[in-house]
Amino acid sequence: MVIKTAKEINKMIKEVLDTLSEKQVEEFMQNLIHSRNIFVSGAGRSGLVGKAFAMRLMHLGFYVYVVGETITPPVKPGDLLIAISGSGKTNATLTTVKTAKKLKTTVVAITSFKNSPIAKLADVIVVIRGRRLKGKEPDYISGQLTGAHEPLTPLGGLFELSTMIFLDSVITKLMRLYEEGERDLRKRHANI
Amino acid sequence: MVIKTAKEINKMIKEVLDTLSEKQVEEFMQNLIHSRNIFVSGAGRSGLVGKAFAMRLMHLGFYVYVVGETITPPVKPGDLLIAISGSGKTNATLTTVKTAKKLKTTVVAITSFKNSPIAKLADVIVVIRGRRLKGKEPDYISGQLTGAHEPLTPLGGLFELSTMIFLDSVITKLMRLYEEGERDLRKRHANI
Amino acid sequence: MVIKTAKEINKMIKEVLDTLSEKQVEEFMQNLIHSRNIFVSGAGRSGLVGKAFAMRLMHLGFYVYVVGETITPPVKPGDLLIAISGSGKTNATLTTVKTAKKLKTTVVAITSFKNSPIAKLADVIVVIRGRRLKGKEPDYISGQLTGAHEPLTPLGGLFELSTMIFLDSVITKLMRLYEEGERDLRKRHANI
Amino acid sequence: MVIKTAKEINKMIKEVLDTLSEKQVEEFMQNLIHSRNIFVSGAGRSGLVGKAFAMRLMHLGFYVYVVGETITPPVKPGDLLIAISGSGKTNATLTTVKTAKKLKTTVVAITSFKNSPIAKLADVIVVIRGRRLKGKEPDYISGQLTGAHEPLTPLGGLFELSTMIFLDSVITKLMRLYEEGERDLRKRHANI
């Protein structure tokens, strides 16, 4: 039964991917390519998906930071914040987005809800279906302490799984772009 | 092109899920259900996938710990270590598995290679295809410092993505099991 | 000059320790000993000091968790939250304290300011001088993104250094208490 | 008794600080100032002390990374690795040092033992007394799983506490150096 469920989840992910907007994805790509430093923000499982993306961006030679880790520098205009929140209203991520906007940093929201508080503040939105808004404790830490959390799978994890696959395909695209051009982005580092 | 690639990855994941062994999965489930404490171990992106699984197990009421986090207690006989390593030879994970075996802890290896060092030490294996063995720096930290890392996507991330979907379907199965029985595993905690 | 400064800091810590209240410390100890699960919360360097304390409590056999780490379970009445915040108004820590109070968890605040928001909500306070209130961005993440942070040393780190030494002496006391009694608190775990 | 113990620990730290070598400290300072990127490595409580130092270096405008965190880039010649290990033989830290030396990175060891494996590989040593060598499980993760760990306080934590005070006084010195010169090191970032 577990394998059958895994295949059902994978099928649901396909349906989510079918609803992705080419235009939104293209805007996201342009911002990724033309930003100075990239910051990734997300709570709980969205945070883990963000870290998995950050690792790959770093391998490609990008200057990338995870909000909340030890050595994250200040954001500046020209930087890009990628905020990952299924509900679009996770407290810590919302605070991060508000701060980034004050500092004139471009914000990309990856969320299931285009009318959520985080999406409304963002410059670019990538809508990835899967998260239901209701029953969500918006503060991740409060949710941890109260035991409130996203509904469990299959539907509860659909947003994170789809986002992880989407972001891995972004990495594939970036890789191809740089193979044709600069070959090893890492060299950028060496020349500073 | 990004969306097309995402769908291709989704398709490759399906092919990976098709190769899962019912028998291996069932053994894994039995061990999950009958273990006292559960420990999750993995480096890099495998570690992130492990943490995403640990969060859900915790939500279900399991006693679960992430090896290397601040407050991880010692393992004991009757505990279960879940070691996630695509190559099956990641240094830190291998050391963890060796230590766990010395302490008579049951080990489940989730890996692409059934003949890898980690798989050979494990009591239970779940083979999830996707990782190629070659070109891998077996020590994660050394890999980080030298800039050696898994090949990037699409193929590089296939193991982690498939594993994350597989583990989410394990959560779905556990949820159903407990719904029929104990309803709220969390009560276990409250009664200790 | 570095060594001279180190000795000056050491001397300032002595002055901070001179102002500790026996009564406050005793109340803290009683709560530590009689609580079920212990949760530690703090942002930035205060969070690191909290983790260093949590590691030792775990070594002594306590059930201890770090708020915000992967597998932190919900708090319950009878649990203890230790909130470390020099200014007593760090946003994330304040939110944690408010949530814990709603759930009828006992809260100990370790802070420089007995009239700060966190101290006012706490059941027990341990005042450790050293932090100046002004110029502090109360939200740690916002502070990280804006580049606002505590004033640097010598005075900026006095609270954390004094707190770390204080908490290590708490561990020493607990160790002696349990040596006379249960010898190995860890056995508690084994008997559940 | 707790407060009395805290004062005793603080006094022991003074004795440790008395044994610091001006020459070693000066060499460390010169390497800090003249290095390109700075990497900090340490396991357990030594790792936490390293992170506390890294946070401050980052506030001062240094390019600093914590080995093992999500986005740590590769090391290069001209970079500096600061390895913190009381025993001087912690496995993960030793592996990190070996890798860094292969890549021609300068290594500073902060340790209690000048003849330990890590100290012997290092280019610069800062000896900070306090850690006893015996009874130490050299692999941090194995130690976590077996429940083996440093002896608890008062003596067990002396190395970390003294190191944290020492590193805070290094920050004070750097601050003064840059106040006289560049005023805001952070500008370096902005000009790249």
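As written, the chain order gives the labels A, B, C and D, with residue 1 at the start of each chain.
Everything that follows uses one rule, which is that a residue touches a chain if its C-beta (ideal position, glycine included) is under 8 Å from a C-beta of that chain, and two chains touch if they have at least 3 such contacts.
Everything quoted here is computed from the prediction, not taken from an experiment.
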item: Same or different contact residues where chain D meets its copy chain A, judged by the half mark; value: same
item: Which of B-C and C-D has more C-beta pairs touching across its chains; value: C-D
item: Length of the line joining the C-alpha centres of chain B and chain C, rounded to whole Å; value: 33
item: Rounded Å distance between chain C and chain D, as computed from the means of their C-alpha atoms; value: 23
item: For chain D, residues that touch 2 or more chains besides their own; value: 51, 55, 72-74, 147, 186
item: Of all residues in chain D, those that touch chain B in their complex; value: 39, 67-68, 72-75, 91-92, 95-96, 99-100, 102-103, 139, 141-142, 144-147
item: Footprint of chain C on chain B - complex, ascending; value: 51, 54-55, 58, 64-66, 69-74, 76, 186, 189-190, 192
item: Interfacial residue positions of chain B with respect to chain A in the complex; value: 1-3, 5-10, 13-14, 17-18, 20, 22, 25, 29, 44-45, 48-49, 51-52, 55-56, 59-60, 147, 149, 152-154, 157, 160-161, 164-166, 168-173, 175, 186
